[in-house]
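Paired with subunit B in one complex and with subunit C in the other, subunit A is shared by the two complexes that follow.
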Partner chain A sequence: MGAGTLIQAPPVAPPVKARALRPGRERAFWPFLLPALVAYTALFVAPSLFGFWVSLNAWAGPGSEMTWRGLDNYLALLSDDAFRTSFVNTFVLALAGGGLVFGFTFLSMMVLRHIKGRAFIRSVMFLPMIISMIAVGAAIGFLLNPEGVVNTALGWLGLDPQPWLGPDLVFRCIVGGLVWSSTGFYVALMMSAVDSIPAHIYEDAQIVGATRWEQFRHITLPLTWDVFAVSAVLWVVNSLKIFEIVLAFTTGGTPGSPPLQARTVAVQQYSLVAGNAIPQLGNAAAMGVVVLLVTAVLIALTRRITRRERVELS
Partner chain B sequence: MRKLTAVLTVGALALGLTACGKKNSDPGTVQEVLTYRSSWGADEPQGKIIKALFDDFAKQSGTKVDVKFVGRKGNENLSTEMASGRGPDLFDTSTDNLATYAAQNLVAPLDDVLGAEVPGEGKTVKDVLPESVRQASSNDKGLAFVPHTVISTAVWFDAAKHPDLAGAPPQSWEDFIAYLDRAKKDGRVPIGQDGTINFYNVYWFYSVLVRAGGAGSLKALATDAAAWDRPEVLAAAQKVAQLAEGGYFQKDFMATKFPAAQDAWAQGRYDLNLNGTWLASETKPKLAAGVKIASFQLPAGGKNSVEVGTLGWGVNAKGANVTAAKKFLAFALQKKYVEQISTSALNIPSRADVPAPEHLVAVQKAVAEAAATHRTYDDAAADKTWWNDRFLPLHDKLISGKIDAAAFVAEGKKSTADYLANKN
Partner chain C sequence: MRRLIGDVLLPRATAIALWAWVAFNLALVLWVGMQSLKDSGEVWLNPFSLPTDPHWDNYASAWRAAEFSAAALNSTVLTLLGSLLIVALSAPAAYVLARSNRRVAGPLTGYFAMGLSIPLQTLVIPIVVIKLSLYTFMEDWVTGWWDNRITLLVFQVILSLPFAVFVLTGYMRSLPHEIEEAAEIDGAGPLRAFVRIVLPVARPGVMTVLVLNIIGLWNETLLVLLISPLPEERTLPAALLNLYSSMQYSSDWGGLFAGIVILIYPMIVLYLWLGRRIVEGMTAGIGK
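And then the complex of A and B:
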């Protein structure tokens, strides 16, 4: 726009002067963009392309020889039960975990809005997010072991103790742990959006007799939808990288491999690159590429599903 | 001015990048210093012993040493770093890592250290290390690391509470099962098992199979699908299935998070725990008063092979100070240092002429007198992908009673065949 004005500058002005008079925004474009562009290319784009290259090879890391494998690393993934299980687990975590996290978040948005001391409750809900998974791992033993606190409490209620951390239940426990540790973050995000909705809108709704659900459905949700769309993408990205919570619930503190039933792709990748084995960077990179592609698709889908006309308050 | 800013920015970035590159690729700055990065923690007994050892070495040889204790997690990328020429001169390693490091050509062959004299003792390194201990520390290029500690596996119990076991340990599998039945009948839990740790669960199948069949009998299952058809594999699986069906482990043992079961064993709540020689020192703070730890070898018949694994120091083949590192190794084997592995770290020392702590004397004796020995996990854990993704999950199904011995063998054979067909 500014440039348009300049083009119509007096014809007497020599071209050199016209260049000097370009608006500040345009002059600043390259000097401001360049450092970021260089850093981004060097630190992200180039390593990503290199990672893709590695995924087409067998490689144990710097200093060892790279052998061309073509698409063999990808084909090997297809026939690998451990990868298939971890892949399915990752998506179950993303979808089931996401459903629960946002279910609780929406519930909190309905309930927390008019409760006394809601700032305090919000802080308490946020707390699990900042507890290190190492501490959680230590606590899990006390709580969920066959003779732990949970089973003891079940005993008081006359219920049978459960093998929580056994191969059949541990994955469900991990989903539960994930929901417990992540919900507070999304509640904090969404509630900040809820807080910016003017109180008079709810007052009007109450006057016309809207129930709490109707208030949520017709006021809260539409006016916080933008934040929800961002939260959903954040969740998808984070849930595909789930790693340390699996170790916390299973083999944390030992060099062991978690049971197949509990592994995620990130855990599977980790076991290929670390832990005193010959690093199999090619296979691990192939897993990374597959997950990156699927993440991209999922994000696109999430964006599409959450796309709505923006509702703005006048 | 604008151009100047841009040039400066790009210049600064370029300099930054060059600086990074230089730091990573130039080993020149460490030429004069013997570097060691330990997988022990500084506060562990081994960490303290090793720190004092390096201090003495520095004082007496005039070599500068740079010792860092980073713990198990701090050394996870060690092999990658060493392969790229950036690792320390000396590093911690063990029998079960031999194959990994050998495959990457990371360890300097140490056969010349065998002939070196242990300072002040008139004996060579070879003289003070028993044959089985040297063998557990060697690859096909000779000695791969110099061991300070011997590790092995045994069935552990409290001799004060079970003098019968101490006096007459079970001599056959039937004896062993009879003991388990008696314990169960008397209302005790015979075996404590941290079932969420699959590499502890597999001690049962591994011990039964390899103690009877000798070295190579488990390793074969990883490299040849046909090896699963051998009758002794099915027989070993049947013994593990017998344990699962007999209900000898504590209730819901597969859901017990480490170290709850070994801690409860230390408290006297379970009779037995099949574990490594580190068990007593690991559970020391939890041991009930008056406990007298003792052990016996799991009776499996056949060759009666005894596990011999070692922990020690390897020399980085690409390190800057290979000569100084080798000199350190002979220095470190002096009796006064190796003794502390027994007295402070409560482990079996690598030198046969240094007695083990009391509770480990039986294992040290078993190792010394064994007609046949095998290495940690019979080297079958060397292929970590097969081990972690195929074998251990399958064994977990067997020991938890989800599948029977025949299904274990059939699935193992198929899974191994699939794995080998798709392997790089």
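And then the complex of A and C:
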């Protein structure tokens, strides 16, 4: 559930002197907060720091000896082909997928304001968000099988069947599946911002003779830019941890290990940990830290690119 | 020309594409349901026809094949218990964070929100290590046994905390102050005021967080594969993955589709029931 990621914490109510030390809820402050705070610190924050520590060592897991490697794990990642491929894949997925998702989202924003059945369209497009990607992969994998429906249909059209889930094409299918499953979420997000734009602005624009497209470009997009900036950050964060859909699309053809051409960093890290070889936890932990750093950099970059003067409604 | 493209072609094409998208989603869901009632030959030969005579036994064979029965039980218990625990931990914390005048409330809220930007990958290794150590520790020193499903539950809860606290803090802040003041004047202690007054008033927000976590935990896969990979310990998505990868030996396609239905239809029913609330919850605090 990535929603809400990295949006700065909600503003805290300014201290009101007159209400200060309302006995009940102030007395309850620590008792109410501590269970969550302790659990979160001990099992989320501390392990993250421990992960960073492991990434500086060579380690095969509890019971075996940990030896200091410094930054060697990170350097080893640089020369590791499997990691490089999965890293590039993750980037491609984030960029190509992001372009498609927001392309579709923008087009939808142009028409979803007044089309018939708009609420229905919005909710059905959102549907894939609540469905397990493993199930989607298994169902669509059936359609894309070498002797599957899609290839049969291509045959009727006189076209050659394609090995959709083979190593060369599967990555494109994954991008497609990802775009299909996530666009509805971003449409819902952006449309909730569009909904709050007063109708009279559009009426004025119509009087001036602006086309639908121009209304989108000059009204809808500028007035929803804040939400778009947040959505873009969300997309970046979510796309860096893509895992299930890769496994789902590649399991049908090659059980166990997804082909290298389709691996994302999350998948690569998982194969390293769950594979049969002696686990190299230091390496795998370094991957995690790299993802954390890349996430931070991309967020900063996305914020920078999407930063604009805020448009205020008078 | 400008009018033709900006007012007619582009909007029309988009509208058609959107409806095609909608049709595809609906068709896929119905089609999966139909396929689950066919025998394997029919699944292949007539993938788009209605099932001639419904093979309900596909469900029985899926149920047995990949230990779906155990997985379904695990999924149900872990999802319900997990989402209740998440709310039990996050709601009181969010309440005091949102309402307190203490100066630490702000930084602490930010401290929880920070968890939203830590990707799961950073935690994968620590989680595996904790899982292994915890197992040995409990078995050798404390109880003499341990079940990885408990570890799984713990991490499912912990990893969902930042989002739950984030959403609920925002929600609690929007509640009127008068309610618990009235309760206090009546002499209710903080716990009593929280359970009897605040929670009922905050019910829509709490329900949203509950439902979102039900969906999230039900579909969770990576954690399950990392923490409890054994057949009797895994949940439905992992069991389906296993059923799917064993497909080329068993070719029980009807059973595979039955497995898909078992995994996705409960969530679709939930969505039909609470659709708007789910969408609003997921987009809460970001939109508007």
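Just so it is clear, the second predicted complex is superposed on the first by the 262 of 314 C-alpha atoms of A that agree within 3 Å, B and C clash if a C-alpha of one lies under 4 Å from a C-alpha of the other, contacts with A are read in each partner's own complex, and residues count from 1 in each chain.
The working rule: contacts are C-beta pairs under 8 Å (C-beta built on N, C-alpha and C of every residue); 3 or more make two chains touch, one makes a residue touch a chain.
This one's a predicted model, so the numbers in the text were calculated from it and none came from an experiment.
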item	value
Which of subunit B and subunit C A:27 touches, first, second, both or neither	both
Which superposed partner A:291 touches (first subunit B, second subunit C, both, neither)	second
Which superposed partner A:222 touches (first subunit B, second subunit C, both, neither)	neither
Touched partner set for A:176, first subunit B, second subunit C, both or neither	neither
In the superposition, subunit B vs subunit C on subunit A residues touched	C
Touched partner set for A:280, first subunit B, second subunit C, both or neither	first
Contacts of A:141 with subunit B and subunit C, given as first, second, both or neither	both
Partner chain(s) touched by A:82 [first = subunit B, second = subunit C, both, neither]	first
First, second, both or neither for A:39, with subunit B first and subunit C second	both
Shared contact residues on subunit A - subunit B and subunit C	27, 31, 35, 39, 61-62, 140-141, 147, 251, 255-256, 274, 279
Residue ranges of subunit A touching subunit B (in the complex, touch as defined)	27, 30-31, 34-35, 38-39, 42, 58, 60-64, 67, 69, 72, 75-76, 79-82, 140-141, 144-147, 161, 163-167, 169-170, 250-251, 253-257, 259-260, 271-272, 274-280, 282-283
Subunit C partner contacts - residues on subunit A that touch it in the complex	1-10, 12-13, 15-16, 19-29, 31-33, 35-37, 39-40, 43-45, 47-48, 50-52, 54-55, 61-62, 104, 107-108, 110-112, 115, 120-135, 137-142, 147, 149, 185, 188-190, 192-193, 196, 211-214, 227, 230-231, 234, 237, 240-241, 243-244, 247-248, 251-252, 255-256, 265-266, 269-270, 273-274, 279, 281, 284-285, 287-289, 291-292, 295-296, 299
List of subunit B residues in touch with subunit A within their complex	2, 5-6, 9-10, 13, 17, 72, 76-77, 79-80, 82-85, 96-97, 100, 103-104, 195-199, 250-258, 260, 318, 384-385, 388-390, 392-393, 396, 400, 415, 418, 422, 424
